[in-house]
Structure formats: structure tokens, C-alpha cells
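Each of the two complexes below includes chain A, the first together with chain B, the second together with chain C.
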Partner chain A sequence: MTSKEYDVIIVGGGITGAATARDCALRGLSTLLIERGDICDGASGRNHGLLHSGARYAVTDREGAEECIRENRILRRIASNCVEPTEGLFISLPEDGLDYQANFIAKCREAGIDAQAIDPAEALRLEPAINPRIIGAVKVPDASVDPFRLVDAHILDAQRHGADIKKFTAVACLVKENGRVVGVKTAAGEVIRSREVVLAAGIWTAGLAREAGVNIGMMPSKGALVIFGHRIANMVINRCRKPANADILVPGDVVSVLGTTSDKVPIESCDDMRATPAEVDLLLREGEQLVPSLAQTRIIRAYAGVRPLVVADPAGDGRNVSRGIVLLDHEERDGVPGLITITGGKLTTSRLMAEMATDLVCKKVGSSAVCRTAELPLPGSEGRKPSFEDPFVERAAIGRHGTEVSRMDFGKGGEILCECEHVTRAEIAYAVEHFGVRNISDLRRHTRIGMGTCQGSFCIRSVAGALAEILAPDPESAARLADEFVSQYRQERWKGITPVLWGDTLREAEYMQKVNGNEI
Partner chain B sequence: MRFDAVIIGGGYAGCTAAGILSDAGMKVCVVSEGLSLSVSGSKTPYAAQSALQKRGVTILRGDRAVGAKVEDGRVLGITTRNLGPGTMLEAPFYILATGKFFSRGLLSDKEHIWEPVFGADVEYGADRTSWFDEDFSAPQPFMGFGVKTDSSARVYVGGKALENLFATGDIVAKGCKEANVTKLIEDYAGRE
Partner chain C sequence: MLEGNNNLEQCLKCNLCTLVCPMMEVNPDYPGPKKAGPDGERYRLKDPAFFDYALKYCLNCKRCEVACPSDVHIGDMIQTARILYGSQAKRKGLRGLRDWTLASTDLVGSLASPFAPIVNGTLKLKPVKSVMDSVLAVDKHRTFPKYSAKKFVNWFRRQDQSSFSKFVSYFHGCYVNYNYPALGQAFVKVMNSAGYGVHLLEKEKCCGVALMSNGFADKARRQGEVNLASIRKAVAAGEVVLTTSSTCTFTMRDEYPDVLGLTNGDVRDSLMLSTKWLYEKISAGELKLKFRKNFSKKVIYHTACHMQKMGWQVYSIALLNLIPGVELTVLDQNCCGIAGTFGFKKENYPFSQQIGSKLFEDIRRSATPDAVVSTDCETCKWQIEMSTGMKVLNPIEIIAEALDR
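Coming up: the complex of A and B.
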């Protein structure tokens, strides 16, 4: 039996792959997206959640800055349910001086970014948590974006326009015939054919390409981040100086994220990225300059992601390498037809990356369909959000899923299981049905379960039970599955807790040890 | 205020010691801040402390020891937050039973772990990376951290064991001795 031949197979279920799948599907191409794990399992799920205005790049990378502000405006429109228009501040401390700020404002304006200098006293009124020593502040249209929600929305739209999504399916290698890439072979041995293959697998792209005889010089650049237990500021707070470590604090839902570092790491380490205590210490030292109260703020956990930077010269620390979009036509570049790579770029510019990749796919397969992704709203962001007679329980679900909440069946249980994020039994059932959730980690990515201030301490047992009841065939195996979920969840969270294990976090850790009956 | 014994900490370890000492006829004072990991909930610790009160034990509920007067290797008294610096709780001997991190018997920052009442010597890993095991369900090193005691469970402060300060319960470092309360009764009964 031969399976169908697709126009295009996209490898990678991060934001780049999801946006490319959506664009291809909207243009009428028969599309398959294949992802080895769950969506957002790589860098797309391990970042600031920052929708750049482009201001950060205005001084050093004019092109990148212009891309950011254009895409920023588009995403606010098409993904209104994923974007929180917080706005951002670039603050100057005495040691930064005001010369950089003057140049910064001029460059922002040249790039089309609305940058307004405001009085330091006014900045402190807007955001009382920032360092009171500031000598200058500039307001820019930065925003907060939920990367999980954004990727989910792209996947849903791709599916609704006919794309097939295969999650939890690793690609073992690309299939080549007479020098041409004609599809992929899965780890299970299945060969799936297509006219074009697009690699959108972030840092994991290099390995797949190499197997097919194509060399892409990729440099994994690790970025570590720290999550604090509440919203310290309502705007994105940046330092007005040359981009450096730990100079951005981003509000995201009920918490705040500080980042990031930038260090070259071995490619082998990318499958198990974790923040280290040393990175956390560095982030805090620098972050306290932005917002002094970070020193006393409860830290929830730390995590790390990998930027897929493409380099000609693989030396350097990764911060001076361009973070521009890299589109590789391997037919032109390497004489390997049928293969395209899209990488580099940013979460903010993912739609543009997808458009560029899809334009190339269309050229290769002879389609003249035009891109419509900048105009059509994503699922969840279409028109007015539904209202409920009894809005309390549903409010958080509307916040997460927007207009999609009308597909949720509250008859399946309106009781709140995760108190921090107000996740109901109905939302869990919805996530299983629509996103193929198999375990608690998947559920977290699609509902934010356990991502609030208690980090699952209070809710995880009832959540695990509810999820297991849906997934397991009988009560006995449900109980076993629930236990597995709980220990998997605890281990996963523990990875993010150990780098910040002191003070209140250490108090909580002792509590968790006792609750779990772990004994010394 | 004078007692036959002052116990700092009203969890399982502190209440147990208080019960044994008061049964032996001693006038005991317990400083109990509140949340304890060793006795869960609110009703159970309340019941235990009420039973002790009925037997004549003085319980300072919701109070915490904030300072200690130490001279020549002996504790002369402690002060509490609620009674203020002017009131000293005095006794021939003292038992430290404040638990670990959760109950704030031990405090910590990025580099240090310390015992806040006496500044007792705490056993812990010098590097924070040695405080934990990556495997959540493995024994965690930090669960073994605590104050260092000698073979009679006397607490070390500045490298020297204080003569009349003993420790018991979770605050004691793994491998160190916990106070033998029966022995304390033998040693101290009828002294004052």
C-alpha cells in the first residue's frame, strides 16, 4: 500500500513549522506537518513570550527591527487572543547614560517604531517596580504573546484547511531518490512522499539535513530564563543599552519572565536543556538592576531554550550573530532538489518566515496562490468572544481559547481543577479531543495547567485523575496512569526548581518532599 | 520569666519533649510559631498543645524566638518577637526544635544556610549544586541539612557546643545526635 503523496511535508511543530503548515494549507497545497513530540516542545515553548516591537534591534539590525514592527502589527490583528498589548519600556540607568537613548529613539523612528521618550517620574508612576534610579525611559509597542496558544491556533487553522498533523512521530531520515528529496522516513519505518520537504525543526534541522548530504552551519545558542511568582510589572521592561544578559522582564498571564543569557552550547545538549544555578545567579544579578524587588520576589522555576542560529563562522558567543531569517533553497545552494530549510528568525517574525518558505514551495510546485496569512484571523481570534450567563468558570477558558471556547462542552464538568489558571474538567476534555493530549506535559502546553503560582502543588492529583479517567480504558488502569502522571509532572517541574532552590523555594521543596513521602 | 526548660518550636519534636518534661514535674515553656510540617493540619497541633497546657505547660502561640543571650558557652535566656526585647525567657536548659526550612528553623539565600536564633553551626553543602539531587524521588541532600550537635546533642555555635542548648527533631543534621529528653530530666531535675 502506498500512502498519498503530499505537495509538501513540513518537519517541526514549533511556531515556524506550524505557521508554514497554515500558510501552505491556506494556499491549497496538500500539506503534512510532522513533529517528533508535542507542539512547542523546543525553542517555541522555551522563550520569553515577547512580541518584539523591533526596538531591541533598532540600533544593531535595522532590517530585523522593521520586520518585527510589521509582524507585531499583523499578529496583534490576526492573533488578538494570543497577544496581550502590554506595551514596553526601555529604561536608562545612570551608568547607561542618555547618549544611547537618543540614538535609540532616532533609530526606532527610522525603522517605523513608535518610540516615545517619557519622563522618568511618569515611568515610575506607570511601573512602580522599576529601578527608581532611572534617568530616562522610552515607551515602545512591545507586547506579551503566549507562544503555546499561538502555535495551537496555527495548527488548528492548518487542520481546518486540510493539512494533516502527525505529532509524536519522529523523522528518522529524509528519503532521497536520484539526488532528489522525495519525502521522509519515520522512526517507525513508514515512508511518506512529497514533492517538497521543508525543514523547520529549529536546531534539530542541521542533523536531518546532514543525513541528506546538506551541510547547514548551525550554532545552538542557549538562553536561560527565570519565572517569578506574580506579575511584577504590567509592561515589558527592557534596558536601554546594547543588548546584554538578563535585560528583559516580560509579563505573561499571572507571572513574569526574566531573561535571558546567550551561550554557545554543544548540539548534543539540546535535547535536555536546563538552566543552571550559575545562570540563575547571573540573571538575578543583572535583573535586579532593572527591577530591584526581584531580589525578594518568589521564584517559581528556571528553564532554558536553544536559538537555532545559522552561522558562516561558528565562533563567537551567539549574541553577535545575526538573528535574521534564513531561508535555504537546497536545490540552488547544494544541488539537492526537493528540500527547503527555514530557520533563524524570531517568534515575532514567524508568520513572515512561513510566508517566505511557502512562497518558495509554491514556486517549486508551480502554484501561483498568494499568501493570505496577514489578513485572515487565527482560530480563537475571530470576531467577538462569546459571553456566558455565568462567566466565572468560563472566563479563563475564553482568555486562553478565545472564540474557540464555543467548542468546549461544559456539560463535561465545569468545576475548576487547576485553581491558579482556572482550568476546568471540560477544558481538559477539550484539549484531549482537539490537541491529542496524552499526558500532563501535553496538557500543560495546551491549557496552562500547573503553570500558575502553585506549579501544580495543590491541583496535580485531581488534574492527573481527571486526565487519566478520559484516557484510560478502565478505572484500574486510570488509577495507575494518574500515579504515573503525577510522578512525571513532579520530575519535570523539579528540573526547573533545582536551579532556584533557596529561600522560599527551598521551603516549598521541603514541603513537597514531605507530601510525597520521600524520606532521607 | 523563669522555667525549668524552654523549648523553641511547637511541632512534633517540641511538643513530645514538652510532654515528657512536664510529666516529670518540670515547668516548661514552648515557643510555637505556627505552621509545622511534622504535625499536619490545624486541629491536631491545637489538640496536642491544649493537652500540654492542661498539664501546666506555658505555650507562646504565634510567637517566635528572635534573640538569645549567650555568655561563656551558656545560654542565659531568649527573647521573642511578641514579648519584646525587655522580657527574657530563662531556664537551666533550652531545646531547639524549630524544624528545617518550611517552619523557618533554617533560613537560606543563594549561598548560605543559617539558623536564625542562635546562629548555630549548620551542616550543608558549600556549593548550591550539591543541595539537591536531579531526580525528584531520590533522597534529597537538603533534607539532611541541619544544626550540628555533639554526642550529648548539644548544639554547636562558632565551633563550640553550648553547654545547655540541645536540639531535637528535623533541625538536627543527618547523622547528628538528637536530645535524649529522659537523660535531660536526670541531669537537670531538682537543679533549680
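Coming up: the complex of A and C.
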């Protein structure tokens, strides 16, 4: 079975793939994005949610820092609804000394990053939670970004400009004819043809390329993070020293995220990433130096993602490997036309990565269309944010979806189902319609359902019911489907709760068990 | 970044608070203690814009806190949010004037007291009530507590307490002073007959509960500082500070530190309701009250919400049970619905009466023509008297009546 031929197929539904699909669609290319799971399944959904100012890289990677601050400014504009301009602090503790800080400020300024040293007392006034032992603080234009919403917005815009999105469709292999990549073959055996294939599958890129006879040396670097139940600080808090473990705390919507670690892991482990108790211990021990109250703050869960680093020195731990953008033209590099790889980089520089990849696609297919992604706002960030005073719109939904709330019917579906995160029935209907949600884990990524302190123990049945009602053809199968959703979801959540099972989190888990019977 | 007593993290989302909230039962616009408290707080920490104006419906009855198995300070969290973020919500114009008038118990009491017969007569008049209803939005169904022509403090000044060697201090509160000196007089009688002389505090201001719930937290804090300074002096002189109002007591013991941020740990244990003090003294054998032999009274006891929050209804109940001839019925704890000044406001009157209906029904069922209702809270008293026609007495008044003279 064959279908129409696309100009370009993009493999991978993370931020890189989504941004590339958007760019290609905006330039008028017929575009297909193909993703084996849900969008944001990989590293794009397992990170800090930090919009770098570039300050963190200023000392070691000038080019990366410059890219960050440029893209930081662009994303604040085009994705205003996904970015919260929290600003960031780099704090120095006595053991860090102030030498690093002086060099840090100079290097930030060279890269065009507005880094301002502020009085430690002023820093403590801005953020009373930070370690009172600080001897110095620098304010930088870091920000918090909601990675789920950012990817969703790119997917929506790509679709609205004609791109096809195929989720839950694994690519079995690339299809090669006469040495040229001419498309992909899905796990179901469908062959989809295109003039160019762009690999944007993060750490899974190497495996796909290898099948096509192309060798990309990739090194999976695992990063573990923990989520705390509420906002501990309203700014991004960094440690002003050589980048190390657990030295960034980011406010993300109504939680705080602490991370990360950096460890080389075998590529086979990447499909089932989980944070270990040892990693959580390490994060907490180091995080307490940043913000002492973290030691007493309730942890919601822990998770881990994989950075798709491209190897320069395969022996290192990953922190010294370039995190710069890697664009590979396999026609030139390996003599395999029709194939392009875009990898490396960061969430912050994803738009630039997409622009570089799309420029190359355009060159290959003979298009002279120019990139407009730096100017056009993304869905949800178009025009004025809806008013908080509107009694018919759930305020938390405005925070998540911005102008997209105009597509939600709060009159009919205003009932809040997930009380921790204020998710309404209307938002669920929207997520099903626009993102092809199939189960509660998908729903979580598109709405924050079950991401709050109770981790779904209270709302899960009503959410499962509401979702099954939309998805099932008749009431009887809806009831069955809802039951399936509940047990699936619990297993998934349990994975993240296990490494942090003490204190209030343990009490909550006990309670969850009592409410829901003995199955977890 | 979290205020000192803000322990939203302990919330397990079990919703027991939701089950006991009296406002939720009658008002679908109120999000309930869990949503308004710990759930809403996570959003308010992100942005005060998430402040929800429906929080004005919270009665501050603290039944949620009593129910919470995790000891989350739900009511405090809501009160604090109203103080921190609700300042824009403070009403302007005539309703603002109304709120200010209702909150300023001290000032209004001082102004009204000298003209008590006129004020009381006027406040009873139908046309006056209807003007207050339409202009000031004070509900016309409400009966105002009568102002007393003679303030309690003026009466007290002429009471010779010099013959006593042991003393207690008395925080009388606005209601005793301006409206109901009889209760203060009963208190003095009971203490004197127990062998204790009574001192008033050097300076007493309204405890501030009405100020806090009407958005005047700063003023409440200033008054609290005055009260605490006086209480400290009394305690330093070796006196316990006793009260006859559960709400004033609760406010000064718990709301001062938890909501207003005032430090009272040094004197908190020396400040208590007189029924608790009496019962503890009697059961320790340190004090004896002599009751009349032929006393007989049917008493229906209503536990005020703040009384339940302190857990002190046991003392009042036990004390009433010590009186020979008292036939006591203890009602299930239900909110009477008035919640201080809340129920006086026109927009709240229907909620107030709906909430109280369960209690009124219980009272009617237990009532016989010779029975009285007893409670430790004056606003419960107004509400029950107005809504059931029953006479309501403070336990101290019943004790005073039963004393053998």
C-alpha cells in the first residue's frame, strides 16, 4: 500500500520535530510528522521547562549562549502563552567564592546576556526561600516554559498550515531505493514516500539512521528531576558555579522542578527511563544548598529524560560534550541523499534548529521560501490573553491554553474534574478533538490532568468516565474503557512515585490505595 | 515564600472538609474549603490573580479545620488569602460603609450606647429597617442586638472588689460592654461567689474578629497589639484572663498568631473562657460553687463553631451538668449560619438562614415551653433568638442564676 508523496517526512514528535514540521508547513512544503507514541513522549516532556537565557553556557560555550539569548527573546514573543517571564538568579554560596561570578558576568555580557549583579540582601528579598548563606547573586533573563504547551502549539500550527500529523505510528525503517532514502515504512507495513526525510527523534535517531547505513555517534545522557508540590520560588534559581548536579530550580506552572543529574546510560535503557532513589537522594542533597526548604517540601514525583548528545568524546559523562545544534546532511556526509538529521541543541533553541533543518530541506527540494517562524505567533499566543474576569472561563485553562480557550465550551463543560490542576470537562473535550488523545496519560500531557499533588487519586475515575464517554461508541463499552484507563494510569503514575515514597507522598499513596482498593 | 502557618502540602485531598462545610451545602457558587484553601493556594502562589472572589462566602467557622485529619490550616489559609489578595475586593460606596459600620463594633457601640433607647427604638422601626435594607444592604429581617443604656464598664466601676485577695482579669468584649452588661454582671457574680475578685484589663479593644472578616486586617492587628499588651500586664501580675465569648477567645488565642501574625505564645495559655477555668478549678478541688437546692431548668446546649474548634464545649457542658436541677440536652454540632457580621448582610441573609435551618429544627424538636438554649457565642445567640423565638443564655448566666446567695 502506498500513499501520496510528501515533500518532507519528519520522524519524531518532540519539540525539534514539531518545530520543524511547523516551519516546513509555513514554507508551503507538503509535510508529514510521524511519531511512534504521543507527542512529548521523550525528552521534550522530561526536562526542566527552563527557557535558558544562555547564562548557564556563557562561560563554556559562547556560541550556545548567544543562540539561547536570541531564541529566548523570540520565544517570549511568539510563544508568550507558554513562557512565563520569571527571570532567573545565579546565586553564589561561600564555598563557590566570587571569582566564578566575576568571570560569569563578563562572559554573559560578551554574549549579549543582560546579567546584573545584585546585593545578596536584595536577592533574599526577591526570593526569601533561597539559601540565606549567599554571598552573591546575579539576575539574568531566564524564564519558565511549559514544554508540553510549546510542543502542542507547534503541532497545532503545523496542522493549521496543512501538515499531517501521524501519532502512535512507529517507523520500522527508512525506505531506500538506489541508495536514496525515499520515505519510511511504518511498523504496520505502510510505506509513505517523500522527497526528504528529516530525523528528529532525539536519542532514537541513531538507531533509525543505522538501518539506512548511516552512522551517527550518539551518547544518551540521563537527567533525573524531581517535582515539588507547589511554587517554592517564583524565579529560576541557579547555582553560580561550573555546571553540576541539581543546581537549577525552575517554577513550572504551580509546581517547582529541581534538576538535573547527568549520567551516561546504555542506549537500550532509553525506552524505560525512570529516576532511581539514589538519584533523588543526590538531587535533594544538592538542591538543599540552593533552597534549604526543599528538604521539607513535599515531592510529587521523580522522572528522567535522555539528552540526545552527539559524541565528540564518547568517554565523558555528557556534561563536556557539545550540546550545540547538530545538523547532518547525509547526502554530503555519507553519500545517502534524501536524509537529514537534526539533533543536539536544547528546548530553548528548538526554533533555530527547525529553521536550520528546514533551510536544508528547502535547498534539497528546490524551494526558496523564507523562514517566518521568528515573527508569527503560535496558537494560544495570538493577540491578547483572554480576561481573567470572564466568569465562564476557567482561569487555569487560560494559563495553559491562552487564546485557544475560545475553542473550549466552558458553558457546557465548566465543571472542574481535576481539582488540583483545575482541569475542566471542556478542556478534556478540546484535547480529544485537537490532539487525538487516547488515554489518560495522553490527556495528562495536553491538560495537566493528574499532575497535581494527589496525582489523580481523587479525580481519576471521573476523568476516566468523562474521557471514555467521548471516545467510546456506547455507554457499555465506555464503562469498560474507563476501567481500563484507571488501571493503566495508575501503573504509569506509580513509576514516578516509587522513588520518592516517604512523608506526605507516602500518606497520599496510602490514601490512594484505600480509596481505590488494593490495586495501585 | 509560604507564610508561616501555610501547610497546604499536608492536604491529601480527602475532601472531609468539603463534607462539613456549611456554606457548600447551600451555595453552589462557593468552591468549598479544599478548593478555596489548599488547592487555590497553589495557584495564588503562582499569581495573586488567581484570587477567587467567591472566597468571601467563607464563614470562617473552621469546621473544615476540625474535620481535617492532616491538620491543614484550611480556614486560616482562606482568611489569609482574603487579607493578602482581597484588598481590591474591599467594597466601596454604601456597602463599604456598611461593612465598616458592622466591623467597627467598638466605635459604633460607644456612639450608640448613650442614645440606647432611641437607637434601639429606631432600629426596630419597619421604615428604618427597610431603608437600611435598600440603602445599606443590611437585611431587613435581622433583629439588631439592643444597645444598653449603661455600659458594662460604667456599672463595673461602682463594684467594690477590694475585699478579695485573689483576682482574675476579665476581657468582657464589645457585646457585654455595649449590648448585654447582664452577662458581665453574671460573670462578676460567679467569680465573687467563687472567692475571686475581678479586674478589668488596663486597656481593652474589640478583639478584631469583625474587622478581619470585613477586610480591615491592619486595624485588627493594631487592636490585637493593644489587647495583648494589656493581657501581658495582667498575666505578669499573676492573673488569668477570662472571657465569656467563645469567638473573642478563639480570635485572640488562634487568629492572632495564625492569621494576623501576632505573637501570643507567652500568654496564650493564660487566656481562656471562664467555663473552662471554672470547671478545671472545680475538678481539681481548688474551688467550690454553692448551688440552690430548688433550682430547676431545662437547658438545650448548642456548640458554637469556634467553641468546637477549641474543643472546649466539653467544659461548658460538664459545668452545666454540675448544677443540680439542670436537665441538659446537647445538640449535634451544626452551624447557626450567622457567622458574626456575615448574616447581617442582605446578600448573605438567605444563605445564613438556610445554613441555620438544621440547627433551628433540632432546637424546635428538643424545646419545651420552659426550656432555654445555652451557647458560649453571642452571635449564635442573636441568630437562634431571632430564628426560633427561644431565649438564649450564656452558661455563665445559668450558673449565676443557680447560685445559692
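Throughout what follows, the second predicted complex is superposed on the first by the 507 of 520 C-alpha atoms of A that agree within 3 Å, B and C clash if a C-alpha of one lies under 4 Å from a C-alpha of the other, contacts with A are read in each partner's own complex, and residues count from 1 in each chain.
One rule holds for everything that comes next: contacts are C-beta pairs under 8 Å (C-beta built on N, C-alpha and C of every residue); 3 or more make two chains touch, one makes a residue touch a chain.
The model shown is predicted, which means the values in this text are computed figures rather than measured ones.
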Partner chain(s) touched by A:277 [first = chain B, second = chain C, both, neither]: first
Which superposed partner A:494 touches (first chain B, second chain C, both, neither): first
Partner chain(s) touched by A:298 [first = chain B, second = chain C, both, neither]: second
Chain B versus chain C as contact partner of A:128, first or second or both or neither: second
First (chain B), second (chain C), both or neither touched by A:199: neither
Which superposed partner A:440 touches (first chain B, second chain C, both, neither): neither
Touched partner set for A:417, first chain B, second chain C, both or neither: neither
Partner chain in contact with A:231 - chain B first, chain C second, else both or neither: second
First (chain B), second (chain C), both or neither touched by A:516: first
Set intersection of chain A contacts, chain C complex versus chain B complex: 507-508, 511
For the chain C and chain A complex, residues of the former touching the latter: 1-2, 8-15, 34-35, 39, 41-43, 45-46, 49-50, 70
Of chain A, residues touching chain C in the complex: 127-129, 229-234, 251, 253-254, 297-298, 388, 395-396, 399, 416, 419-420, 422, 452-454, 457-458, 504, 507-508, 511
Chain B residues within the chain A interface of the complex: 37, 100-102, 104, 107-110, 128-129, 131-132, 134-137, 139-140, 142-144, 174
Chain A to chain B touching residues, read off their complex: 276-277, 281, 284, 487, 490-491, 493-495, 498, 501-503, 506-511, 513-514, 516, 518-520
